[in-house]
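The same chain A turns up in both complexes below, where it pairs with chain B and then with chain C.
Let's turn to the complex of A and B:
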């Protein structure tokens, strides 16, 4: 007892808390996903239906639409945010006083509530009195009458723009810290060897940023898949269900229709998708022992 | 070291105890609902909690302010708890499942009824015991509070749809008050040709608990169409349904409605009208005071808004929608008799008349301003109607003619399917094809859930 089990005893409170707050709900929700449980009928768990809820999902047209929307939204958001984040980081990573102020200001969009951002953009894209709609109409007159949230393509573009706007500062800061931590000698050597700016960017900067790009991509994918508040407040999934991501469908199924079994199954499918994305990144972006 | 170990064992034990305690059950709820013969005086000292939505709603503020009178009369304390509207359904559901009686009474939007009816106490036996007459409320709103023949709430806050229009614009253009959809279209053409205004502001956006169904159903029902037939088969893609929907969508195609209305929820559309951007709006009657409030509406709008019943379909008839925000008793309440006493007091016609009358005579604080009348006797009350240009009489007509959206367990799914279709049609999809597709989706949903033999 002396010493041998004491460490486990010290760990016990943490393990109990994690178990009760994380593992139990995960197991419980998986168990729920194997049942036909509609909360409007009973607070008791319904009939055991094995994998029927999962089978139902794969034959549900609304589900497949949500999967497609989720993939388009996630891929667009991740690619644009990471690319723009690297660009912003390169612009702001110099060690100058005025840039340090800019870096501080950069974080503001990230500090705002996503729901509030969604509402704000909704106002700004309003075709009658919206700031963005009027600016775009002034700069590009043929686009003056476009109802940005009124068409599936433009609504999706608006949604991706909002997500990028929210996450760009955080991603930029990650890349800025990576760039500022790079050894100056490498860049000096490249300069001496006659490398131009583009060559330096693609042959040195980006390869050296790869571990951060990997982490940023994984994080951004998870953030994008989980995005909920701005979607509800900006488009409510519309027009039709053209911007209804899987997350929003899960919310509707579980907390508006109270179909808890099906909602739990959809939740697990989303979780599997997220894990799949992460594994894909790790396989594609990291080869051999570079992942450390 | 031993002391540290002892502390660690103690802490572990405590943590385990806390976890076990958290998994424990709840106390028992009251038994034998409505069967005891209780005098209000016997309940002195009890405290009941009433969950209302936040948002500085005048009627709820007036209830809270006047609940002191109830406490004086009965000795029962009343505590109001504000809940954000967005969380209301979640909170009621969570409280219902836990059954711990945190709330004794809850207010909710009628469409939440099918989901939460299992958590609400049927009121029939209480009413029978105390000779409480449910007929004080219009049938249309009582239907929204009744499930499987059980009355689960009282529609103390109810709304009927009305048409609101800019009287100054209509007078300038020598236009009569629209009585039919054709009148709306003709007046609309005059308005868009001669002013900078849109004719009318509908709200086609998907979501928001099916807000875009309300104006659509006014078209549908007035043309003799319906959502379901008597066997619960979807019939909104019938000839009448297609004709009504085409006419509704045509407001956009004829440029009578602003392009932006495809992205408007009810609140956006109301704001559009309130800002002086359009000449007509159809929606809930409670906004009338807002339209004529100089602090809440544009200068040219305030004082120039008049009202009428929802237009009819030429040669067929008219029908508006009603919606209620009833108050019900939680099944898990530990103070059911006290809660029932409060419900009786709250729905006394004299109290309702007094709240609205005082507001209209400017004898109550501005935060208690309310024109919410829900009882037939008060809708036809001469004194109240004199105070507001027969507004309540017009509302009474609406309540009598109104139909209500279906109330059943899978209605939210059906509502969302139709809501998506309306949004799609407003953004260019073919009415006939999209309506048929939505009807097939609804029929499949109903079939899967056992609605057909």
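Let's turn to the complex of A and C:
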């Protein structure tokens, strides 16, 4: 049984399942995207229209709005989460008892259902009885009457806050494990040489964290582009369609208006965007010699 | 003169030290407030009587009414709990063994294009899953399994196995191969080696992957939202039942939410250390 094909035999079940549940639908989705198919009119695949659905997207104002919303949401989430994650990691990676307790429970927000988190923030941000809205109003009185989910800008800010809330603990933990694995001598040497805190941060800590920052950025970008649950439960794309990220627009197109062909085409465009992002990072990763 | 200067600078250093300690503690406090206040507030709300929910009161007579309501005949939340449990248990029962075998194979044998394969596995997760749901919706409709737990199990397998392989491979890579070779010399076959030698040693990794896949599946929302509407509805989708015409019944949603999140919190706390290590190193080995 220790034949040449044994290793492939072990791989086969996983390969078949992933193939059937990921690859096949992906190909099928592409095929659907080449057709004009509205489910409310017919349950059979409609007329073949080649790339018309893709062309339609480029002249669709709603689509461009979603692209913009997606980019703003993704970039803000990645930048804020990664930089806040590093800051949190530096604060929490000291050898103190109360910090070690905090590190232990830090993962909790990440384990919570994102759908529930979206609802909770809706509760926290309610202008009348929301705790966060009231705290903000108390600290910064001019903001007391803001209806956070009622304006495009503040709704986007709320959405980014929720995404940061969900991912910050996980990213911080990655950075903490990186920081705690660093040799202490380097920091001591820097201190003896008279480096101040800022110099130490930018000359030593961040460069040494770089491999982890890169991985964390890849993961964060991926997750931010795919974010769906808290968007549905917090803003549902509103007000108007000011927080309608592409992912959510595809959902609306396909399962609210049942325009399957167009939805699939939009899905492919999003997939290509995602892969583009990832390739960008990958090039950096390969250049940095971290792969392998 | 010199002494005075030294005194001054050492004074300044002491002040700086105190200041930075104060800043540090304020920073830590802000982190705690930002991350844990929403959880604490939902926890309080779950025990609030209905008339206190729309106030900021912290002192109130705690009640279990909300929990009774959630599991009462009105919502019948036990049903959704059962659906979620079925989906998770079956998904894990298939995904984990399959992933262990695959991870073992990738970790231990030479294959052409192995790096590319690991990347491809990861790349399946780059693709927004909504792209896959469209064909699934039609296929399941044709098979007549829309709104069943079976449909959810099928799609969740595709969403968990890549992560599980990635995580478990990272852990198997760290197990010295010599022990297995000794076992093989003693006449054990590969499956015996995997079962008796590898599995016990890879246990932390397997548990970590299991918990991670548990969390993914238990919290999975999009598939459930699209593929179910009544019979197979799972917990995250059922939360929307507390959103009514005249607003959200927050106390009941909070109670349902508490019961919903307890398993993930408990499991995640158990494996948090290995989990973070696995996620950050698994793909790079």
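The rule we apply is simple: the second predicted complex is superposed on the first by the 268 of 292 C-alpha atoms of A that agree within 3 Å, B and C clash if a C-alpha of one lies under 4 Å from a C-alpha of the other, contacts with A are read in each partner's own complex, and residues count from 1 in each chain.
In this section, a contact is a pair of C-beta atoms (placed from the backbone, for glycine too) under 8 Å apart; a residue touches a chain by one contact, two chains touch by 3 or more.
Just so you know, these numbers come straight off a predicted model, no measurement behind them.
Aligning the two structures on chain A places chain B and chain C in clashing positions. The larger set of touched chain A residues comes from C, when the choice is between chain B and chain C. In the superposition on chain A, A:255 makes contact with both chain B and chain C.
By the touch criterion defined above, A:173 lies against chain C but remains apart from chain B after alignment on the C-alpha atoms of chain A. By the document's definition of touching, neither partner reaches A:51: not chain B, not chain C. Of the two partner chains, chain B is the only one touched by A:236; chain C is not. Look at A:6: by the touch rule set out above, it reaches both chain B and chain C. By the touch criterion defined above, A:128 lies against chain B and chain C together after alignment on the C-alpha atoms of chain A. Applying the stated contact rule after C-alpha superposition, one finds that A:280 touches neither chain B nor chain C.
Of the two partner chains placed by the overlay, only chain C lies in contact with A:226; chain B stays clear of it.
Of the two partner chains, neither chain B nor chain C is touched by A:140.
One listed stretch of chain C collides with chain B once both complexes sit on chain A; from 95-103, 239-247, 257-265 or 275-283, that stretch is 239-247. Note: residues 6, 10, 13, 17, 20, 43, 122, 128-129, 232, 255 of chain A belong to the chain B contact set and to the chain C contact set alike, using the contact criterion stated above. Chain C makes touch with chain A in their complex at residues 20, 24, 27-28, 31-32, 34-39, 41-42, 45, 53-56, 94, 98-99, 101-102, 104-106, 108-109, 111, 115, 121, 123-139, 141, 154-155, 157-158, 161-162, 165, 189-190, 215, 218-219, 221-222, 225-226, 235-237, 239-240, 243, 248, 250, 253-254, 257, 260-261, 264-265, 267-269, 272, 275-277, 279-280, 283-284. Residues 1-2, 6-8, 10-11, 13-15, 17-18, 20-26, 28-29, 32, 43, 87-88, 91-92, 99, 102, 104-117, 119-124, 128-129, 131-132, 134, 165, 168-170, 173-174, 176-178, 197, 211-212, 215-216, 219, 222, 225-226, 228-229, 232-233, 247, 250-251, 254-255, 260, 263-264, 267-268, 270-271, 274-275, 278, 290-292 of chain A are the ones touching chain C in the complex.
Those residues of chain B that touch chain A in the shared complex are 5, 8-9, 11-12, 15-16, 19, 22, 89-90, 93, 96-97, 114-115, 117-118, 205-208, 258-260, 262-263, 265, 268, 272, 275, 277, 409-410, 412-413, 416, 420-421, 423-424, 426-429, 441.
Chain contact summary for the complex, chain A toward chain B: residues 6, 9-10, 12-13, 16-17, 20, 38-43, 61, 122, 126-129, 145, 147, 149-152, 232, 236-241, 252, 255-258.
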